[in-house]
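Two complexes, one shared chain (chain A), two partners (chain B, chain C).
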Partner chain A sequence: MLSGEFIAFIGLALVAIMGGVLLLNLTKVVHMVVALVFTFVSIAGIYVLLSAEFLAAVQILIYSGAITIIMLFGIMLTKHNDESEAKGIGWRKILLFLGVLAFGAAVYIGIYDLDFTSETSSLHVKNTEQIGLALYSDYIIPFELTSVVLLVTLVGAIILARKDDNGKEGDKE
Partner chain B sequence: MSNVPVSAFLALALILFCIGLYGALSKRNTVIVLISIELMLNAVNINLVTFSKYGPAPSINGQIFALFAIAIAAAEAAIGLAILIALYNNRKTVNIDEMDQLKH
Partner chain C sequence: MIQDLLYSSPGWANFGIFFLLATVFLFVILGFVTYAILAERKVMGFMQLRHGPNQVGGRWGLLQTVADVLKLLLKEDTIPKLADRPLFILAPVIAFAPAFMVVATIPFTDKLQFADIGVGLLYYIAISGLSTVGVVTASWASNNKYSLLGGMRAAAQMISYEIPLVMSVLGVILLSGSLNLNDIVEAQKDGWFIILQPIAFIVFLIAAVAELNRAPFDLPEAESELVAGFHVEYSGFRWAFFMLSEYVYFFAMSSLITVLFLGGWLPLPFLGFIPGAVWFALKFSLVVFILIWFRVTFPRVRADQLMEFGWKVLLPVALANIFLTALLKELLTIF
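This part shows the complex of A and B:
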């Protein structure tokens, strides 16, 4: 008998895979990025099924919000000729497809009958509070290091994307 | 069997990873290559959260790892876009097979 959880999983997985296939097959770049938003939102639904509600919220905020918008900025700031994809199917793409297929089959052999003795987890009870307690007790040093990484990213992105008006200063670095 | 088996989640992550791998290796547009890499990182996050609930020892640690992976992925996307814009200002192209200055 199909349970509601299984039906929800099937629907979310179908939407996620459909977004990925559309990413590979569409021709316009903006359409590809918008197709991938469907994948990101369904992955957030998968997180809810796996009792990770805080991660689902983070996924929607970061991926469907921030990363999609930053990719759209990258597309709008550069110029694209949409018909630049190679016409026809080259032997290189066939070899690549076969390689990826072989990789997928090899991993699938390892996971298709994987099952653990499932003990009941209590992850869904006060999920955000559990994450906060773990972050500020066990993982406090990686948490602070992440803030340093984000600061370095901010400074580095500004320096890299700056227009090089006075190139003499740039040469000294 | 009432709930979803663990291998179904892992198979979904595997399919998404394969799509991302194929896109990253076959597309010529640099923005699409970057976003395919994001898709691969997302598939890995699904694996981490799955083992956090259905693994041999369920605990919150898998979700914490996924949180750190999301933070580093966001940083990587920002730096990748900055490098792309800098390259575009110099070469006026976004095709990844024309960015070969290091070969000459």
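This part shows the complex of A and C:
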């Protein structure tokens, strides 16, 4: 059955997987990050197909900033024009291959026996509102704890960053 | 109309209609960009006691931009020898595609809208952040110190000003109770949000100018410091793509400000006989004029002032505005 949704899914899934494969195979760090952009954006597209539009928007909102920062780190913290080389000894590659096979088999078995009971859910109706209600009523304590953890991380990052240039003026960003 | 099309069964006819609509829309935006550039040069000219373009296309220079674009298309397309070739070619596309994508969600009147997305406002802010990836990619691929500096500034500026932008809009969302742009316009029936949320409007306007990379926040392409910033090495139609994406964002951001704070297509009291499209166009032109006015009258801020202003002034003010709005909303519901 070839519906528009199916075509869109195939396109997005192909781009997502191609982005992932390119991320592993490209040799320059900025190329990898650009491949990552395509993966994240097409995964957001798949979220839209699943009617999780809030999640899709947030995914792009968070990752567009995050990817830009990764790119800057890639530019600033690696050698200019450095290329990663494939190194590894024979038996290590065989072990890796076996590991990949085992993982593939596990996932295949897991998916093959998966049986979604086709209950009618109303999760896609007004899902932004539903997420908000769930976060602020049922899961309020975990949600607040997460924000505290984030705050601690932020403070920790500031302390770590300030330690280096003790007494040096300026140079804030 | 779009809603019916979306729910009908897919086929080549649907594809054709969507393709045609998108093409027509693209040409409308290109037309806007052409005359926005002319208007900008004219207004700048008048404010600086000059004439502005007045040779090509009659007294008002109506064909000046068309001639400029033709010249750009005929120019030699240069790619530096040491540039990162694939990224150099890809970067203008990454910068332009999101600019066109965001325009789809903006409601021009209650009927004329391409995509009525439930999280329209969030969609706009999220997608517009993607352009920075294109800018940083371009700056790195050019293999030029000036362009790299411009790209770094663009990234820092985007991260710093996206936060006050989102935070200032939260006040509007609290009052309207929706992220949908249509609902936000409908919620302004009793009073535009520029009156109910003046602090949010000012913060949003400043952050919007910074997101648009226009003067006084045009540090990524500051011509007196960085030659031309991130697009130093670009020429011809690739450079035109960067300029185009900048002006399409100009269009989109002006529309968004109109929708969020000036009541979109809603008329002033007693003037309801004028159609909504005209109202939208009038408010939109006013915002465009104000943004051009900003560019002519303000000097460029320094990089460190930019960061301090974003984090130490705009963000606390936006947070205080959220607090105040929530408090007022609760008090109003109690009494």
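Basically, the second predicted complex is superposed on the first by the 139 of 173 C-alpha atoms of A that agree within 3 Å, B and C clash if a C-alpha of one lies under 4 Å from a C-alpha of the other, contacts with A are read in each partner's own complex, and residues count from 1 in each chain.
Criterion: a residue touches a chain if its C-beta (ideal position, glycine included) is under 8 Å from a C-beta of that chain, and two chains touch if they have at least 3 such contacts.
As the structure is a prediction and not an experimental result, all values here were calculated from the model.
Look at A:75: by the touch rule set out above, it reaches both chain B and chain C. Contact with chain B, but none with chain C, is seen for A:131 once the two complexes are overlaid on the shared chain.
Applying the stated contact rule after C-alpha superposition, one finds that A:156 touches chain B and leaves chain C untouched.
Using the contact criterion defined above for the overlaid structures, shared-chain residue A:31 touches chain C, although it does not reach chain B. Residue contacts after overlaying the shared chain place A:139 against chain B, while chain C stays out of touching range.
By the document's definition of touching, of the two partners only chain C reaches A:64; chain B does not.
Using the contact criterion defined above for the overlaid structures, shared-chain residue A:39 touches chain B, although it does not reach chain C.
In the superposition on chain A, contact of A:54 is made with both chain B and chain C. When the two complexes are overlaid on their common chain A, residue A:95 makes contact with neither chain B nor chain C. Within the superposed three-chain arrangement, the count of touched residues of chain A is higher for B, of the candidates chain B and chain C.
The intersection of chain A residues touching chain B with those touching chain C, taken from the two complexes, comprises 3, 54, 58, 67, 71, 75. Here chain B touches chain A in the complex through residues 2-12, 14-16, 18-23, 25-29, 31-32, 34-36, 38-39, 42, 45-46, 49-50, 52-56, 58-61, 63-64, 66-68, 70-75, 77-79, 81-86, 88-89, 92, 94-95, going by the rule given at the top. Within the complex formed with chain C, the chain A residues making contact are 3-4, 7, 28, 30-31, 34, 37, 41, 53-54, 57-58, 60-61, 64-65, 67-69, 71-72, 75, 126, 128, 170, 172-173.
Those residues of chain C lying in contact with chain A across their complex are 9-10, 14, 84, 86-87, 90, 94, 117-119, 122-123, 125-127, 129-130, 132-133, 136-137, 140-141, 148, 152, 155-156, 158-159, 162, 179, 304, 307-308.
Every residue of chain A that touches chain B in the complex is listed here, in rising order: 3, 5-6, 9, 13, 16-17, 20-21, 23-24, 29, 32-33, 36, 39-40, 43, 46-47, 49-52, 54-55, 58-59, 62-63, 66-67, 70-71, 73-75, 77-80, 84-86, 93, 96-97, 100-101, 103-104, 107-108, 111-119, 121, 123, 127, 130-131, 134-135, 139, 142, 146, 149-150, 153-154, 156-158, 160-161, 163-164.
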